Every structure is written in structure tokens, then in C-alpha cells.
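Shared chain: chain A. Partners: chain B in the first complex, chain C in the second.
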Partner chain A sequence: MEQIFQILGFFLIVLTLLMQWEIYVNRVILLFSISSFIVALFLVLLGTSKPGEGTLLFVLAGLTVFTRGLIIPIIMNRALHSLYKKPWRVREDKPAMGVGGSILVSLALILGGYFIYQNSLYEVLKIKSGSVPFALFLQASLLIISRKNAYIQMMGFLVMENAVVMLSGWVFSGLPFIVEAGAILDLLGLVVVSSLIIRVREGAIMQEGDIYEKELRG
Partner chain B sequence: MQENIHLLPLLCSFTGALLCLLPVRSFDKIISVIASLAAFGSVIFLLTKENIVTDTYYIDGLSKLLLLTIALLYLATVLYSLAYLKHILNPLFKNKLYYFLLNLFATSMFFSVSMDNIGLIWVGIEATTVTSALLVATENDQVTVESAWRYVIIVSTGLVISLIATTFIYGASGTLSMHELMLHHPNNRVFLLGILLGLIGFGTKAGIFPMHTWLPDVHGKAPAPVSAIFSGVLLPVALYAMARLIQIHNLPVVKIFCVTLGILTVGVAALMMTVQNNYKRMFAYSSMENMGMVLIGFALGKYGLLGSVVIIISHGLAKSSAFYLTGNILSVYHSTALHDVHGVLKKMPATGFTIFLASMAVTGAPPFAVFAGELFILKEFVHQYNWWLALLIICFLAIAFIAVNVRTGRMVFSGNPPDNNRVFRSETWVPVINLILSALVILLIPYIEKLLANLIGS
Partner chain C sequence: MLYLYSLLEILYVLLLAPLIAGIQNSLEEKFESKRGPSIFQPYYDLWKLFQKESLVPEVSSPLFRRGPYFVLMFYIFLSMILPIITAYPLPFAPAADFVGGGLFFGAAAAIKKFSAIDSRSNYAHLGTSRTASIGALSEPIIVLIFIMLGVLSNTNNPFVINSVLRSSPTWYYSLLHGFVTVAFFLILIIETGQLPVESHTNGEFGMIDQSMPFEYTGRDLAIYKWSAYMKSFLLMSVFLNVFIVPFWVPGEGSGFLQIVLYMCIHLVKLSMLVLLFALINTTVSKFRLYKNFDFIAAAFALAFLASLAYYVSS
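And now, the complex of A and B:
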């Protein structure tokens, strides 16, 4: 089972790398949706390997598919459709980092996550691939920092949340169900509120250009 | 069953939120006033009850005092909003939604300071982001919406760090119950890392350096009542979570970590105040400075903790008063730039006089209780560390005091007001009452000490 988890973790890292290199917003949303399905699959497999906690993990997997895999991407896509005539052409025009730079930084973060984990937590946890969630977390941080497009930044934040689900399930045997459920509810609320704010923000930028920098300095 | 009485404040505000959605004209305002009054009344009632620690609730003196501060500022903010919202020309949404979110925001804060489970405290604090993000964007211009977005993305990212911390704590100890963790917890690297990450994560929400960058943006652009409730209680609620983590794992390394973060926060805030041209951002940095002091006090414990709680209550009341009054000033001068605002005392005597006193109060001028709180913290600091570092903190506090009061004094006393007849029907009585209450906090110190007796060991 450990090897299957490693393969799923590898897929998640690859998907996040693809998000890092992608400039079209709707494709980033699609990649996030796929990665959420992988997280749900991971939870199902985890449930089958832990008979005592199986039911709760299956429910959690269902919630993950429903909220992260379906509802959140639908909300984000709707927000895109309501704002742009051709939502499939919405892209990050000037990412802070080019593709070459982001490949290098992403690889450096994966290695960094691995070394930090090996030299700090591995001694206690004894899980060989425990660095995967940390690498995912660092990748997601890069996505938030290196992009200006609010939709992509939001996706970065959601990938971080997926990394936490991986971390809690794989490395630490999960959080209490009430906390996981609360976190999912919060996440859903946050996405709804964020999509409203993003819509107003992007609309204002389209009309007036970026005029906020001066007032929010210092 | 008896223990569920502690849900009263939360139920009052939650019911208020739901009733706000009813399609009856002005019902949202009336219901919000009633809900906030009922919540305040129920908190006063809870103050007379014994502390309670169960698998669901953890309500001791610290929680009670936080509940009281939240209830007071919730009521004051609802009352001030009644007049202030009329002056927002192009709101992002209807007043009904504003009051709905404000009531929910109070509910999430009541929830956060009542729970025993660290995971649920996290859920509550994350819920404060969900319920308050749109409140920040009420005034609906590009800069305001941008600040709301920065708030969402920075604070949520910080809170993911505290969710990871929660995972670490649960993974290492097998429980998230605070009272169980206070009795016994593992002493390994994973647990320690969980505590430290939790401090950074919740510190983001509390405006602690280096994750404070959202704070001046949001306080600078949010409507006055929202800035007031953010500064007065949202930041302390996040600090409450930090205080509990410190209480659980009170090792020297955790203490030093918090004291370092606290000193850096006070220092950065004080220096930033000296270069501010925007009075709302200046007051925002002042809140950051006070939160830095509160964190130092929580880390020191004993009388440092007493000082922190005194600052939370007194600062909350005085700073909310200052922020409400910035709303009055903004409505008349139509600018948040310091160089555009002169002669406030001539134009709006009550506003001018009260904001000057409020700025003195929040920067620690005697006889306001912030001064007493800072003295308690510094006394405990000298006792546990040394004079040199205490002197450094005093220098930062002095810089902040001069920066804020000189600028506020210039706004209030110097020059002549603009030659227009625009008079804002200001709600000056709410900030005045808050300021008076802030001054009276000093008389309540023995009572606060009594409530915190089990924490400060007296």
C-alpha cells in the first residue's frame, strides 16, 4: 500500500508542476480538480487499509470529491464565465517567473522539502515518502507567490489544503472527523466568498487597470 | 446539558444573523441591535458562572474576558454601523447582508474562544476569515477589494500553516483536547514543531511579524466599524489561540520564540508608524504594536499575562473608538491622507477631542489601562530577562507614542478645517462611551486578576 501512496503522491507533485507551468486559468482549475480526485482516491485506499476508520475515511473521500473535485471547480468556472466572454482564453499574461525558472525553483523546492523532512521529522515518523506533502505545500506556496492572477492564487491555496489532507492521512493517521468536516465547510465558504471578491477585483482591473499599488504601500 | 448554557452568546448572534435575512424593512438593524444586546447580557450572565472544562468547552477566566470584549465591541459596532452605513455611497451589497455577516462574524469569534478542541478553534478562526472578507470590501472600490483579496489569501495561507500544526499536534499526542494536552503531552520534536508552526499560523491572523502585511491594508481600507472590530477583537481572538498553545507547551524555546516575534512586531510597527501618511494605516500599525506587546506578555506568563489581558480589553475599547472616529473624519474630509486633514477640533469638536484621547489611550498614556498593562509586562520581562532588552522595547513604545500622538495632534489641533458645510451626522456617543469604558478598565484590574488567578498563579 505504501508504494501505491508513493505513486499517488508522485502524481500530485506532477500535477502541481503542471499548474506551475500552465498560463490558462481554466486548465489550472481542471488540474486542481483532477488532483482532488487523486486525494479522494488516496483517502479511499487509506480507508481500506484501516478497517477501524474506514467509514469515516470513505465519507471524507466523498466530501473531497463533492467539494474539492466538483463544487469548487464549478464555482470558479462560473465566476470566470460571468466575467469574461471567452473564459477559456483567460490567462496569466506576465507570470513573475518564466517556465524555465519555475522548473528550476519547483525542483529545488521538491529537493528542499525532502532534505528538510529527512533531517528533521523522518527520525521520529519513520515514513520514507513523508516528504511528499511538504513538497506539495512548498509548490503551492510558489504558485501563490509567483502569480498575480487571483484565480491561480486561489488554486495554489487549495493545493495547500490538499497537501494538508495528504499529510494528516498519510503521515499522521488523519484528524478527528469533526475537524476535517469543519475544515471542508470553511473551505467551501472561503471559495464562495473569494470567487465574489475575485470577480469584483478582476472586473475593476479590466475597467481601470491596476491603480491600487500606491495606496497599499508602506 | 447544563454546560450548553455557555453557547448562549453564540446562539444570540447566530439567531440574529439568520433573522437578518428576513425580507422585512429595517428588520436587519433592529434584530442586530437586539442580538448584540442579548449576547452582551448572556456574557455578563456567564461571568457569574463557574469556569467550565469539558470535552467540548474550555471556558476559564481568559475565555470569559475575551467573550466580554467580543460582546462589548460587537454591540458597539452594530450601534455605530446604524449611522455609518448611510454614508457609504456605493456599497458592494445591501445592508441586510452586512448585518448578516457582522452577526456571523461575532458568532465565529464567540465559538473560537469557547472550544476545548484546538482543531475546532482553528475552524472558528478560519470561519472569521470567511465571514469578514466581504465586510472589508463593503465600500466597493478597487483598492478596497484588492485589500480584501490580500486579506483572504495571506490570512488563509497562514491558517493552512496552523492547520498543519494541528495535524502535527494530533499526530504526536493523539488528541486535540486542550485540557488533556495541558495535563500531559509528548515532549518530542513533532509536537514542538506543531506548537511553533501553530504560533506562526495563528500569528498571521493576529498581525504578528513577519506575516502581518495584510493588516495595514485591511485596516486602512475597510469601513470604520469593520476596522474597529478587527482591531479590537479579531486580532486578540487569534492571539487567544496562541496563548493556549503557549499554555500547553510552556518550554523556554517556545517562550523565547514568542518573545522574539513580539519584540520584532513591536519594533517593526513602531518604525512603520513614523513614516505613515494615512491615519487609518497609522492606527493599524498601532494595533500591531499592541498585539506584539500582548504576545510578549502571554509568553512571559504570570503578571505578563495579566498585563496582556488588560491591554486586550483596554486597547480593544480605545482603538475601536479611534477607528469609529476615523469614519467620522473620513465622511467630512473625504481623505485618509494625514496632510488633507486639519482642524478637526474646530469642525467636529467631540470627534477631535475624543480621537486625540483615544490615540493617547492606545499608545499607553496614563491613566489608561494600556499603560498599566505595559507596566505589568515590562516588570515581568525585567524579572525574567534583562534591562537592556526591556529598554529596547521601551524605546519602541516611545517611538510609537510620539509618532501616533504627534500626527493625531496635528490633525486635531493645527490648521483650519476645509471650507465646506458638509456636516456628518456622527455617532460620537458610541466612541465616547468606549473611551470612557477603556479608562475605567484600570479600576477592574483586581477583578481581572481574580478571574485569571489560575493562570497567573496568584
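And now, the complex of A and C:
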């Protein structure tokens, strides 16, 4: 079972690398949806291996599929469709870092995550693969930093949340369930609010130009 | 008898390498709903070129003419030391391990580049510069892949790696092996000039390898092309026999008939691989030249993740 967890964890890392490769927003949303389904699969498998906490983990997996795998991507796609005439062409125009560079930095962060985990939490938890969520967390933060498109930055934040869900299910499984489920439901509200803000912001920029964007930034 | 198998291996690679290229070309045309050339077209092309006169640029040195023959010689040597038709080392195999084999591939590529530069053609220079830029980044990845295979098998011997992967499902289905295999596949795409890295047109913007032999003609060009077919054949064989399908390769003590039977199986394996390449070549569009470096970064990322996967799972 440990090997399957590792495969799923590394698959998530590869998906996040693919997000860094992609510039089209709708594809990044799709990749996020796939990664959420993998997190849910991970929680289901974890539930089968921990009979005591199985039910809670299954409910958490169901919530993950419903909110992160389906509802959030659908809301974000609808926001894209309502704002742009050709939503499939919405893309990151000027990333702060090229694809090759961001992949290399991402690898450095993965390595950093591994060493941080090995020298801190590993001593307590003794789960070697626990470094995978750490690596995912750092990769997602890079996605936020290296992109300027608000949608992709939002996706980066959601990938971060995926890493937290994975970590909480795997490493801190003793946490009260309400905290985990609550975090996921809060996230849905956050996405709705963020989508509205993004729509207003992008709409204002499209109407008024870059000067208005500077004003919005403060 | 083992020397006879070595000879058989050389003849197998030498004679059937153009066939695999012919199968791929034919498949690609058929996927595009065209009639396509015969699978034996590379043989006809080679025959035609061997009948033609070789012209040499006045300004070139003797290296220009000798280069393709040296390259062919290297690939013939590599045919003897790599696991192509047997899973056990034949008499010349101890001459080089995986890293040594990589060095021979590198030496052949270097001679190709020197001979291309020696033609003093601008196009050959352009191709050499681009090939060298890509090679400088892709070759360290090959080294990293070999190091990870060394971790897996505690050796750099391709025959031992084949044996470990055949006999150990734990290693075969490990993350390390998965990442290394995909990384090598990406490198194979680069080294054999498939899309999305390289298209086989003469458009200046996309030309990489195909602009290097621009000044070659006649028999010299035939030898150059033949060695290119052999290089693809050898790399694809390594990918199949060592990385992805290490099964059914005849082990020690197997007879002549078993080896001949495996040669047929190996041809089927190669045909499956070129079918995949043909599918990729007819469905994927070419990257811009500078996007190729992102492709290399992806290959590096996978090879790097293989090493991390080893540490996480060990």
C-alpha cells in the first residue's frame, strides 16, 4: 500500500510540473481537477488501510471529489466562459519565469521539501513519503509566484490546499474531521468569491485598460 | 559459436536498420491517408546513392570524407556490445559498460559534427550548432539515467540491468524504473529526431540534424544515412531490451534457433515502437526551436524524480 501511495504522490508532483508547463488556463483547471481526483483516491485507499478512521476518510474523499474535483473547476470554467468570448484561448501571457526555468526551480523546491521534512517531521512521524505533500506545497507556491494570471494563481492556491488535505489525511489523521471537512467547504466559498473578484477585475481591465489595473492594485 | 553470434548481431543491425526506418515512414504516410512508400524504400535509396558519384567541397579536409565511415564503424562496434539479440554478454561486450557505450555514441556524434563543420557550409554549421546545444543538455540526462539504473542494479552493465528487471517485479514496477523509462523515452525522441523536437523537413527554422549532411553526396551520403538508421535501431533496441520490455531475450545456453526466433520477436517489438513514433509524428506539432529546451527540462525533471523516488522509497 505504501508503494501505491508513493505512486499517487509522485503522480501529483508530475501533474503540478505539467501545470507549470501549461499556459492555457482551461488546461490548468483540468489538471487541477485530475489532481483532486487523485487526492480523493488516495484518501479512499488510506481509509481502507485504516479501519478505525475509514468512514471519516471516505467522507473526506467524497467531499474532495464533489467540491475540488467537480464544483470548483465547473465554477472557474463558467467564470471563464462568461468573461471571455474564446475561453479556451485565455492564457498566461508573460510568466515571470520560462517553462524550463520554472521546472528546474520546482525540482529544487521538491528537493528542499524533502530535506526540510527529513530533518524535521520525519523524526517524529517516521513516514518517509510524508515529504511528498511538502514538495507539492512548495511547487504550488512557485506556481503562484511565477504566474501573473489570476486564475492560474488561484489554481496554485488550490493545489496548495490539495497538499494540505493530503498531508492531513496521511500524516495528521488524528485531527478532528470537522476541521478538514470545514476547510474544504470554506474553500468552495473562497473560490466563488475569488471568481467574482477576478471577473470584476478582468472586466474592468478589459474596459478601462492597464491604468485602471494599476489603480485597483493600489 | 559466440563469435558467430556476434557476427549475426552485426549483420542483424546492419541489414535491418533501414527496414525499421522504412516501416516508420510507410506507417506515417498511411496514417495521413496516403499510399506511402514501400517499407523497403530506404534500401532503394541507399542502393541509388551507392551508384552515384561522391562530390567533395574543395575547401574540406580528408576528415569530411572519412567521417561517415568512422561513424559507421562506431555503430558496428556498438552493435557487438549492447544487448540486442542475447541477454548475456557476447565476446566483445566486456569492452564497454553502459557509460562506455554512451561515450561511443558521443564520440560518433562528435565525429559527425566535426565532419559537418569541415564542409564549411552555413547550413551544416547551423545544424551542428543546434545539435551541439541540444546534445550538451540531453547527454547529462542520459548519464543521470544510467546512474539511476546503476542504483537499481548495482552495476553499469546493460546485461545485468536486463537480468535484474526481468527477474525482479519489485524493481520493474518501481517508481524509479517508471521515471527512468519515461525520461529515456523523451531522450529517445530527441536522439532519433522525432516530433515534437524535430520534423523531417528542410525548413531552416526547424532543421537540426538533417542540415548536417547537406554537402554529402553519393556513397558518402549513403554511409551517413545508413549509420543514422543504425543509431536509431541501436537506441530503440536499448530502450526495448533494457528499459521497457526486457523479457524473452535469450539467456545463457540458448541455442541458435532461439536467437533467430528472438530476432523475429525483437523486430515485432521495434515495429510496435515505430508505430508509436508514427502516431506521435502524425498527431503532434513541432515545437519552436527554443521550446525544445523546455522538453529537455521535462526529461531532466523525470530523471531527477527517479532519484528522489529512490530515496523516498528506500
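We adopt the following convention: the second predicted complex is superposed on the first by the 210 of 218 C-alpha atoms of A that agree within 3 Å, B and C clash if a C-alpha of one lies under 4 Å from a C-alpha of the other, contacts with A are read in each partner's own complex, and residues count from 1 in each chain.
Simple rule for what comes next: contacts are C-beta pairs under 8 Å (C-beta built on N, C-alpha and C of every residue); 3 or more make two chains touch, one makes a residue touch a chain.
Predicted model only: the values in this text are computed from it and were never measured.
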### Message
Looking at A:G62, would you say it contacts chain B, chain C, both, or neither? Reply first, second, both or neither.
### Response
neither
### Task
Using the superposition on chain A described above, determine whether A:M160 touches chain B (first), chain C (second), both, or neither.
first
### Task
May I ask you to decide whether A:I144 touches chain B, chain C, both, or neither, giving the answer as first, second, both or neither?
first
### Query
Quick one: chain B or chain C, who's touching more of chain A?
B
### Task
Kindly classify A:V200 by the partners it touches after superposition: chain B alone (first), chain C alone (second), both, or neither?
first
### Task
Name the contact category of A:V124: first (chain B only), second (chain C only), both, or neither.
first
### Query
So which positions on chain A get touched by both chain B and chain C?
none
### Task
Sort out for me which residues of chain C touch chain A in the complex.
174-175, 178-179, 291, 293-294, 296-298, 300-302, 304-305, 308-309, 311-313
### Query
Can you list the residues on chain A that touch chain C in the complex?
3, 6-7, 10, 13-14, 17, 21, 98-100, 103-104, 106-107, 110-111, 114, 128-129, 131-132
## Note on the structure
Listed in rising order, chain A residues that touch chain B in their complex are 120-121, 123-125, 137, 141, 144, 150, 153-154, 157, 160-161, 164, 167-168, 171-173, 175-176, 178-179, 182-183, 185-186, 189-190, 193-194, 196-198, 200-201, 204-205, 208, 211-212, 215-216, 218
#### Entry: Partner chain A, residues of chain B touching it in the complex
92, 117, 119-120, 122-123, 126-127, 129-131, 133-134, 137, 140-143, 145-150, 152-153, 156-157, 160, 163-164, 166-168, 170-171, 176, 188-190, 193, 216-217, 220-221, 272, 275-278, 281
